[in-house]
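Got some structures for you, see below.
Consider the two complexes below, in which chain A is the common component and chain B and chain C are the respective partners.
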Partner chain A sequence: MTDIALAPPSLDLRHMVRRKLFPTPLSGLVSLIGIALISWLAWALIRWAILDAVFFGTPDECKQAAGACWAVITTRWRLMFFGLYPYDEHWRSAFGCLTLIAVIVLSCIPWFWTALRISVLWVVSFTIFVVLMRGGLFGLSVITEDKWGGLALSIFIFAGTSLLGMPLAIMLALLRRSPLPLVAKLSGLFIDTVRSLPLITILFTVAILLPIIVPGLAGTKITRVICGMAVFFAAYQAEIIRSGIQSLPVGQEEAAKALGLNYWQRTRKIILPQAFRRALPPTVSQFAISFKEVALVIVIGIFDFLASGNAAYGSGDWAFAYVEVYAFMAFVYFIFVFSLSRYGAYLERRMRVGK
Partner chain B sequence: MFQSRKTNAFLIQAVIGLVVVAALVLFVRYAQRSLEAQNMTSGFAFLWRSTGWDVGFSLIPYTINDPYWRVILVGILNTLFLGLIGLALATIIGIIVGALRTSVNPVMSFLGTLYVESIRNVPMILQAFFWYAVFTHLPPPRQSIDLGGMMFLSARGIFVPWLNVSTFAAGFAGVAFGCAVLLALTFSLLPRRSLFQRTLYPKLSRLALLGGILFAAAVLFFGRNTDGLFQLPQLKGLNFTGGLRVSPEFAALLTAMSLYGGAFLGEIIRAGFLSVNRGQIEAAHALGLSGWHVFTRVRLPLALRAVLPTLTNQYVWLIKATTLGIAVGFSDFFLVISTSINQSGQTLELIAILMAGFLVINNVLAGVMNFINARIKLRGTQLRI
Partner chain C sequence: MPAAVSIKNLDKFYGDFQALRDVSLTVTEGEKVVICGPSGSGKSTLIRCINRLEEHQAGSIDVLGTVLDDNTGHIDAIRREVGMVFQNFNLFPHMTILENCVLAPMLVRKTPRAEAEEMAMHFLKKVHIPEQAMKYPGELSGGQQQRVAIARALCMKPKIMLFDEPTSALDPEMISEVLDVMVSLAREGMTMICVTHEMGFARQVADKVIFMDRGQIIETNPPTEFFDNPQHDRTKTFLSQVLAH
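After this line comes the complex of A and B, so read on.
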């Protein structure tokens, strides 16, 4: 009888490995093949990217090496990050870039999550960026938008899109919930039309065709691109906000009405703060999507990060090093998008705990 | 202000409606006038003018003397062709990745995670550029990479074996097979009200599919050219003859689309697998079904049913992603429209066609998916927690 006393769950490492990886012979075989595949991949990657790689040097030295040619990055990194921005003024572009990245990081801190703080933060830093990049003030030389480029331009377009798109999204979401059926229908029609179009077609229309259709149009190509992207972002974000609003209990709005709050007070103090809280994880992932979508502006001839990367290997000497250039750009995008999406997943977990 | 809230609301809406309509009319009039000032005519008469330029890839015969409507049709067919193959490949990859991600084996789930995270966080256009660079940097045809004497990878494209049949037989077999698939789909989606229908329709569906395959195979066999049913690509001089050439543009776009779409679909299908109640799987095991049958008959169908609406959105998104053709030079709908705008100057009309085209394609796709969803969704009050 004493033999069948239950053994306590074993925390022994050997047992854990055995239970997880080799529960049955077939599963064990699959594990072994998988481990072999992963180690082979990792080893090949390390050899290619680090051990056999050339980090500094000329194209000829690269061609003789078996591994990656990171020399193309170390020689051309300024082109990739700053585009055609004047060489001596690169520090301005770098500082501007860092400001915007700092703002993106700061926006993730809950202390900034009030309408006033977040908008002040974004407007101020956006102004700092534009002043730094454009110049003309404080003795900085004027550098017009057509000279901007590289990663700095990509981040600028992303920040502009978010800054313009978010208020627009809130407006569209509120309009779609309007008690007037015509207003709600029109807003819905607008959102659904924009959502069913590919972003490239919208960018193409606002950047290339609008100046032909309306000749005396103000604004540079980049401003128009930001407007187009903001409209596209807003159409998606509006639906996220609307779903946040709809997930609120009806009692919230009714209670606010009963307290005698008017529409704007209800929206500002009761509805939107709660809706945003609920819609936060999908909002963060929408920002991540939007960051990736900025890469599309290359199609309409804007010299963004991707375009300057293409230029970095495109001309003669480095043409063979395309894998390295794309791997590097993919890595930069990965850092941005992966950290945003991890942050979104963290928020989602944290909010589920509260329920 | 007025007698009732109702009249008030009506008047406000009437004013808003009028303002919106007036703004639209004024904008279109203004645009037309400014385009006319640049010597551009308006109207759809240009659709019957010949284009004078060629496209890189076409499923139907097309020459530079053909009219604009035909080149637009070529673009739409290319988009649908690339989109459907891309969706199919992405779905297969997605199912594999989703199954890997939910595997109890930590090594397998790590592989799945590795794939999803490394693909999903990099813009698709960057991946399209990368694959295009890879496919155009392959060696020239003479030094092409030979895969068992059947497939050849070269900078001019990928050459694969292809059926050696007359054009008529190929078209006829394709149409017959398409009809059979439609018939089979209809039978499997028809409402099954009686027990008789419930046993008959699946049989009819299978019969239609089998008949279609056999019929198409027979047509292909009797319509074959004199020198064998299959044709291998062969190096003649500086290029390959015979077989089928997959252009680098198409290959790059298809690769990027299937890999990128596969990562996203994998995440959706994973959520579906996770939503399948453990009890259902345990019940299937208890009934003595094998692991493979538990997967194909219980887990996969339940998972797909649970995520079909989300899948629809992702499918619509992937169809829209074919517009990246402009980045690598594949003649999809959007590239054809933008070239037409450059060449003919009929900006407003072509933009209208582009928007209408995408609205129709996306809504039809969403409609079909929603119809399938409505037909196959789980009925009754199944508790699926």
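After this line comes the complex of A and C, so read on.
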């Protein structure tokens, strides 16, 4: 009679390595070549990015060094983060930007997921951002929107797009499910039309064509761009929300009706909260896409993060350091989008238990 | 006794298919009615018409003196007084048991939270699961979920309760815990209209048993008469099938 194992067999490290990497001589050889290649790449990268890199200094010092020239970032980071915003007022842009980042993070906390809390949070923080950036109140000097720029502007455009786009998306999704055929058809037509247009044509239209077609149009270029991007975002997000709504069992709405809840109570308390949970993975990727799409505004002459990065190396002295600038910008984008997708994964784990 | 529900000459169509044919039924206050019949006979459709989960095309429905028509005010008024329990429980999975129970009283009856929670706990005790109040529906067994669904409906203090095959989706060992709750509710004088295949329950609490087939009411009788001396051939066939197993 054999003993019954009470725990899975524990494998020591040497055993594991042998089993996973060197099960046969050929596999062992492939493993060795692979390890050598990865080590060589990692070493080359560490030497370039850290050991031989110049973190502070002049362009000339950089040119003499073999490694990366991070000095371009340490010298020019303010331009990349704040664009053409007046140098002495950069703290305002920094605080505004941090407010928006904070509110994006706070919106991720389930406690804020009621219509009231989330709208108060966004309206208050947006007001703070605009007052800080534009000034004209509390003794702050007025700085017009054409001077806004850099990462602060990119985050502002993204936040504005989400803030306007999400309610619009919910509205479009609900209208498309309306029992009145005309309303449903019109909403569907609107969504499909917007989805069939490239974002870049929408940007050109709102930034350049619209002021020509409608002279005396209110709003600055940035506001119009945010509106255009919000409509684009809403068209896609509306379909994501609708897919969430349609995946709900019909019994949910029937139970809510039977309890006497009216349309808005059912929508607010029963339908939308569950639809959003179900549509979470595509919603997270839609946010990631819109964050990266903000970089497109460079083509209509808005000085966003990408444009500021171009300017940071494009002024003669630092022209050789474009790789470092782009590597840094890629890193910043990575941090934003990677945290977003990690957050999405956390939410999915959390919801698996029914919360 | 005044009529709680009065249905006259009801017709209901799904496209060209006629689901209800000239159905008339009166349920007086405090009466317990069990509706049975083969699958597709229109019994669920009939009780779903009473709170406008289905729309009827001809005939009239009067619930507690309110005529059910397209007026949303009338529909809302009727739904406030009519509770419903579904085959698939239909608890709201994103809310705790307690939240499921206080939602409608707070939103529809504007009951303050403290009072609504007190009432919810009262009814959860009555269905014997107060200790589950903070759990989510997904953490409960089918029988427990159905008892919560009954408590949730009772929290609206309804005058009439509709049961749409409340035990059909349950594992056999959980059926009796749900039926026990329904029996005690019946003893307290609730007006109940139950679509069910539980003939023991019908025998025990029903004032009258209705047999439906192909969208029509075939036979209506008190349970002893209904089970011991069925009048119609189709009733006899149905009973022999249901009682045989």
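The working rule: the second predicted complex is superposed on the first by the 332 of 355 C-alpha atoms of A that agree within 3 Å, B and C clash if a C-alpha of one lies under 4 Å from a C-alpha of the other, contacts with A are read in each partner's own complex, and residues count from 1 in each chain.
Everything that follows uses one rule, which is that a contact is a pair of C-beta atoms (placed from the backbone, for glycine too) under 8 Å apart; a residue touches a chain by one contact, two chains touch by 3 or more.
For clarity, every value in this text was computed on a predicted model and none was experimentally measured.
Peer 1: Just to be sure I read the superposition right, which of the two partners does A:Gln274 touch: chain B = first, chain C = second, or both, or neither?
Peer 2: second
Peer 1: Tell me which partner A:Ala255 touches in the superposition: chain B (first), chain C (second), both or neither.
Peer 2: second
Peer 1: Once chain A of both complexes is superposed, is A:Met16 in touch with chain B (first), chain C (second), both, or neither?
Peer 2: Neither chain B nor chain C is touched by A:Met16.
Peer 1: Could you look at A:Ala42 and tell me whether it touches chain B, chain C, both or neither (first, second, both, neither)?
Peer 2: Touch partners of A:Ala42: none, neither chain B nor chain C.
Peer 1: Of the two partner chains, chain B (first) and chain C (second), which one does A:Thr205 touch, if any: first, second, both, or neither?
Peer 2: First partner only, chain B.
Peer 1: Of the partners chain B and chain C, which touch A:Val105 in the superposed model: first, second, both, neither?
Peer 2: In the superposed model, A:Val105 contacts neither chain B nor chain C.
Peer 1: Please determine whether it is chain B or chain C that touches the greater number of chain A residues.
Peer 2: When the residues of chain A touched by each partner are counted, B comes out ahead.
Peer 1: Taking the superposition on A as described, I'd like to know which of chain B and chain C A:Val124 touches: first, second, both or neither.
Peer 2: Neither chain B nor chain C is touched by A:Val124.
Peer 1: Once the shared chain is lined up, is A:Gln265 touching chain B (first), chain C (second), both, or neither of them?
Peer 2: The second partner, chain C, only.
Peer 1: In their complex, what parts of chain C are in touch with chain A?
Peer 2: Those residues of chain C that touch chain A are 51-53, 72, 76, 79-80, 82-84, 86, 88, 90-94, 103-104, 107-108, 136-139, 149, 152-153, 156, 162.
Peer 1: Chain C touches which residues of chain A in the complex?
Peer 2: The contact residues of chain A facing chain C are 249, 251-252, 254-262, 265, 269-270, 273-274, 277, 353-355.
Peer 1: For a test of understanding, state which residues of chain B touch chain A in their complex under the given definition.
Peer 2: 9, 12-13, 16-17, 20, 30-31, 34-35, 38, 105-108, 110-111, 114, 117-118, 120-127, 129-130, 133-134, 137, 316, 320-321, 323-324, 326-327, 334, 338, 341, 347-348, 351, 354-355, 358-359, 362-363
Peer 1: Residue numbers of chain A touching chain B in their complex, please.
Peer 2: Interface residues on chain A, with respect to chain B: 20-21, 27, 30-31, 34-35, 37-38, 179-183, 186, 193, 196-201, 204-205, 209, 212-215, 288, 292-293, 295-296, 298-299, 306, 310, 320, 322-323, 326, 329-330, 333-334, 337-338, 341.
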